[in-house]
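Chain naming follows the written order as A, B, C, D, E and F, and within any one chain the residues start at number 1.
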Amino acid sequence: MNAWLLAALLLLPLGLGPCVWVACRGSAPQRLAGANLATVMTTVLFLLLAQGFSRSSYVDLALVLAVLGPAGTLVFTRLLSPARESRTSSPNGGNTA
Amino acid sequence: MTAAQLLPLAVAVPLLGAVTLALAGRLLPRLGCDILATAWASADVVLLAGLWHCSSRGTQVNWVGAWKPTGGEGVGIVLVGDRIGIGLALLITVLILAALLYAWRFFEEPPAGHRGTFPALILLFEAGMCGFALTGDLFNAFVFFELMGAVAYALTGYHVEDPRPLQGALTFGVINSLAAYCSLMGIALLYARTGELGMAQIGRHLAGHSADALIVVAFVLVLTGLLVKGAMAPFHFWLPDAHAVAPTPVCMLLSGVMVELGVYGAARVYWTLFSGPGGIPAHAMRDVLTSTGVVTALLGAVMCWQQRHIKRMLAFSTISHVGLFLVGISLLSPQGVTGTALYVAGHAGVKAALFALTGVLLDQHGSVDEHSLYGRARELRRSAGIMFVLGALALAGLPPFGTGLGKALTEHAAGEFLGWLPAVFVLTSAITGATVLRTAARVFTGAGGRPDATAGAQTRGDHEEPEVRDPGRPVPAPMLVVPALLLAGSLVLGLLPGPVTALTRAGQLFTSRAAYLAAVGLAPTNQPAMPVVTPVAPPVVWTGEGIALGLLSTILAAALAATALWGPALQGAAAHRLRGLAAAVTQRLVAPLRSLHSGRLGDNAVWLATGVAVLLVAFSTLVQP
Amino acid sequence: MTVRHVLALAMLVVATATLLLSAGALLVLPRPYARLHALAPATSLGAPLVALALALDTGPGRGAVKLLVIGALLAAGGPVTTMAIGRVTAATDNTHSPEDAGT
Amino acid sequence: MNLLGPLPYLVAGWLLLVGVYGLVTSRNLIHAVGCLAVAQSSTYVLLLTVGFRRGGTAPVYSDTSPRSVVVDPVVQALALTDVVVGATVTALLLALVIQLHNRHSTIDPDRLNALRG
Amino acid sequence: MSRTARIRLFWGAAAVIAALYTMACLRLPHFGTAVHPYGDRAVAATLRQRTANTISSINFDQRAFDTLGEESILFGAVLGATALLRRTSHDHNTRPRPVRVLPSTRLFGALLLPVALLTGIYIVAHGQLSPGGGFQGGVVLATALHLAYVAADYRALQRIRPRELLDQADAVAAGAFTVLGLAGLVAGVAYLQNVLPLGTFNTLSSGGLVPVINAAVGIEVASGVIVVLAYFLDQTLFATGPAGGAFRKKAER
Amino acid sequence: MTGVATLNEVLALLALLLVAAVGTVAVLTRDPSRQAVVLAVLGLGLALLFTVLQAPDVALSQLGVGTAVTPLLIMLTVRRIRSKEHQARQGERDERGGPDGTGANGRGGGS
């Protein structure tokens, strides 16, 4: 039997499932916590699948997600935060170049 | 270098043109961009005209990338240039050239530093349509379908100052994309069954199975995308919303040829994939699509009559005519195809000319509303007015216009299938012609009583954003020359015997599955590479019957228009009773029909689903496994 | 089966347990802000440990380096994203009614 | 042995219908564009499940023998094209939504009624 | 049509579609079938073309015409965004204000940016060998650049984003694909024929025309996505047009 | 090898169910910014499914498009529309929230 695939089999429903559940409930910022952990779980799953299928080239998927995942989350946090960049700026917005 | 090798250039030349325009847009002035775009479009016209000439020697086949199959099994994409396909591509390029010429100095405000954007998009549109017309691969057809779709959404919403084009473009985009995804589902199902993507290869593989639920579902799904593009009821709701609001040159292309490509695609897919054993039986295809076409034609005509927004009126007239084209195709006879091909070509010229003339009205008076323009365009009656009337008569099927000849030929073929079908042709072309005639009379001469400005359709055509903001200027020459040339082209099509002869043979080739399979190298080995198509009976250009029916629909159109103009003023008890009857019919039948055209995205989507369901039920009951 | 592989397997078991614990905590913890704490074990311990286990299993080479880079990225990204999410949660929950404090 | 039966294909159909349901009931054009993306994901799922081969692996031979059992690469190429198409259509439609809101100040499709009848 | 009527009609249609689609699915080959004639032929052709990644071979060689259409769609989307999100005289600009970003985010973004760029280039360059290729790598490259926006602010992104150049690069790369196709015609063979030497299997230079087209696609996708995102970012962060309401006549210039 | 093949199919089953569920939730989530998060998760699920179906190339582009570009575009659009609505001081839109039922439109709308 293949320990890596077994771990993936365990993590897909029991690890990713709760993250998806949280990502589907509550306000957008609250969902982000679930989505973020889902990204991490998926990265791990990609790694496990690559090893389980003995295809080292699948590791590229994990690499790309490890790069894109945090970037995506940060973009979300930036765009969900109360408007500060447009004209309706907060009082403490500076004006330096 | 053979002609077949040049087939991919029909796509590559406009693509290259789009790239150069996108690049040159920041360097060249407006005029330079216009000249460059016209040059590229002309190059493609010349190329396609050459290919059309060569296609008289037989179907041109090109395996892109030289991935020629061995033993009928290959991995590449094939381009098939038979006469219908190349002819359609030629029509596309000619209309593109016309639209680009018409649009010379048309837009006041190109995006800063991107002066070439509009012509570049038009050229991309051309590439998509030509690719769709020429490809012999199902997935490749989807790709070009999406290319023309995506570009068309952007072009429709080009006037970002006005919310209506944006709304129309959005509905257009969502519904057509959804339909395209339905088609792709169908393609995937066919791939699962046959393991092939080439149209001819799929058709050959289907012969090994019986027609079952899978075939029906796959066929309907593939057909959905094409019929939505072809605006068949009940898939037509997006069309008036999009065509009424797009910039005029884009309207010319959308109504002139893009919608017709949907019908062409449906015909191509049916004949190549499903007309053989294991496909969809001819009687099922004939019954379902003929009724769809008739319903669409009548509905389009009724809705057209109700409009006062001239562009929207022309859009409904397109729906009506496309319904007739579908009837012509679904007769499944070579004569039907020949007639329809000619009808499409003639209609493209006339409809593009009418849109172009509407653009002149918009340019001069800032309105496309029949009622508010009442009598205001008198000074244009010797130029635009005469052409508008000619266009209306051509739309009604007046001999010797190409539309008249196409209508006569299709009508004749339809009459051989069902005796009452020619009546539908006469009636719908009379109504659409009458509507345009009514408009022309009101707008250019102020005929009839002043229409009640508050009555009529919910969509008015005044308060349009003028496309060029220069109120005092005279009509630019291209805006009158282009419609004149288009109308002349339509006239020539009906007068010369050449196109009919060419299309008669083309129709035979198009409906011959064996000829298509042989052309792409899938003929059984013991047969000659190109089966000899039985000699064609010398084409009869104009028959007495055709001329009579053409004149009948024209007279009917004139009578209807006159009734609309002067009927309300008639005195007498009979006239009074008739008016009451007309009002009752409008109230009971037409008003609910019009309220269905709500322009809402959700309604559009639900009609799409309903249409798919109806087609599924119809075909599954007719196809007995 | 060499010692290396056994070690890799052991790390895999520990990592999987950590990840599952994190996921469970995400479900169980009631308040949105507290939920963020559930992310820490997964990103800081679980995920890098999996990468390490795989690297160990693969043996030295370019593949292992790539795996370690992924592990490092995950470990670094975790706290940063958690803090950013925390800030957004705080900002939006303060400016609006605390209606969803109990979800 | 057939573990899953027609389930994978049915999931694709489900996604398409759910996406259409979203479009039918949508009250917000951005949401509608999202639903269109869901509907499109059905095509990816159908294409790739159709091309799956039991026990197969990806036909990418940088780290495996050219003799290994592989799944169908053609559908993957098609799905790849489809993904690109989906992204571009989404971008174009969202651009239209932005401009529509600029001019119309609503993005409720049922309140856009400039085009009727 | 009322909302209730609409939804009822949908349920009716959906029931019919679902029933017939299910019947169709039962007639399909079962999931995981071993019969894939076209796939098998494509794999054989790929090995003959000495391209390790079959999907890249299909996309850029065997069915390159599809990809030509696909890249044209992308090009069209860029042009479409240029046209649709153009600045009209309605819009007046405001300057975006700098944003305070968490120091950890700033540091992480600065560190991740080069890694992401490298990853993107790696994915593009190995397109014909390992999973990935021009499209995937291009998207990673485009996203990588936007880390600058996340980590610092929009001005930082503007500084490192040569927008005019990218706009042209997009067009040039789209044109390059078309022209590479013409190379076959000029050489006297078919359009888009793979005329370059095929090289050694499983090396960076293998596959003839495949890596070249792949690189062109990578450039086009990366620059195209950046340009489209730039138009969206401009709309979001800069332009404040009319506050809505009925559309207005354009003011005289 | 049959063990791996069976495991592979079980994984495919799980991923398919995940995708179907998340896709449904994405449609039922009416608030666009919440939907964007769900769509990002749907992208992840699809990428996972594609990997299990042995299509790493498609999974890679799905990661790029589904988890990065599409949610970013949607969020930019949402942000644009919110800032305009904030400007116009229009609190008239009465959208209902997702399956959780909380109206959510004003959230994050302004400072």
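Assume a residue touches a chain if its C-beta (ideal position, glycine included) is under 8 Å from a C-beta of that chain, and two chains touch if they have at least 3 such contacts.
Chains and their UniProt names: A = Multisubunit Na+/H+ antiporter, MnhF subunit; B = Multicomponent Na+:H+ antiporter subunit D; C = Multicomponent Na+:H+ antiporter subunit G; D = Multicomponent Na+:H+ antiporter subunit C; E = Multicomponent Na+:H+ antiporter subunit B.
Being a predicted model, the structure only gives us computed values, none of them experimental.
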Touching chain A and also chain B, the following chains: D, E
Interface with more contacting C-beta pairs, comparing A-C to A-E: A-C
Whole-Å gap between the CA centroids of chain B and chain E: 31
Between chain D and chain C, distance of the C-alpha-averaged centres to the nearest whole Å: 30
Separation of chain D from chain F, taking each centre as the mean of its C-alpha atoms, in whole Å: 12
Whole-Å gap between the CA centroids of chain D and chain E: 15
Touching two or more other chains - residue numbers and ranges from chain D: 3-4, 7-8, 13, 19-21, 24-26, 33, 49-52, 54-55, 57-58, 60, 62-63, 70-71, 74-76, 78, 80-81, 83-85, 88-89, 91-92, 94, 96-99, 101-106, 110
Contacts with two or more other chains, residues of chain B listed in rising order: 139, 143, 146, 150, 153-154, 157, 160-163, 189, 191-192, 197, 595, 598, 600, 602, 605-606, 609
Two or more partner chains touched - positions in chain A: 16-17, 19, 25-27, 29, 32, 34, 53, 55-58, 60-61, 63-64, 67-72, 74-75, 78, 80-82, 84, 86-87, 89
Residues of chain D that touch chain F when the two form their complex: 3-4, 7-8, 11, 14-15, 18-19, 21-22, 26-28, 30-31, 33-35, 37-38, 41, 44-45, 48-49, 51-52, 54-58, 60, 70-71, 76, 79-80, 83-84, 86-87, 90-91, 94, 97-98, 101-102, 105-108
Residue numbers on chain A that touch chain C, as the complex places them: 3-4, 7, 10-11, 14-19, 21-22, 25-27, 29-30, 32-34, 36-37, 40-41, 43-44, 47-48, 50-51, 56, 59, 62-63, 66-67, 69-70, 73-74, 77-78, 80-82
Chain F to chain A touching residues, read off their complex: 3-4, 7-8, 10-11, 14-15, 18, 21-22, 25, 29, 31, 33-34, 36-38, 40-41, 44-45, 47-48, 51-52, 54, 56, 59-60, 63-64, 67-68, 71-72, 75-76, 78-79, 82-83, 86-87, 99-100, 102, 104, 107-111
Contact set on chain E toward chain F in their complex: 31-32, 53, 55-56, 123, 131-133, 135-136, 139-140, 142-143, 146, 225, 229, 232-233, 235-236, 240-241, 243-245
Complex contact set, residues of chain F against chain D: 1-2, 4-6, 8-10, 12-13, 16-17, 19-20, 23-24, 26-32, 35-36, 39, 42, 46, 49-50, 53-58, 61-62, 65, 69-70, 73-74, 76-78, 80-81, 84-85, 88, 90, 93, 95-96
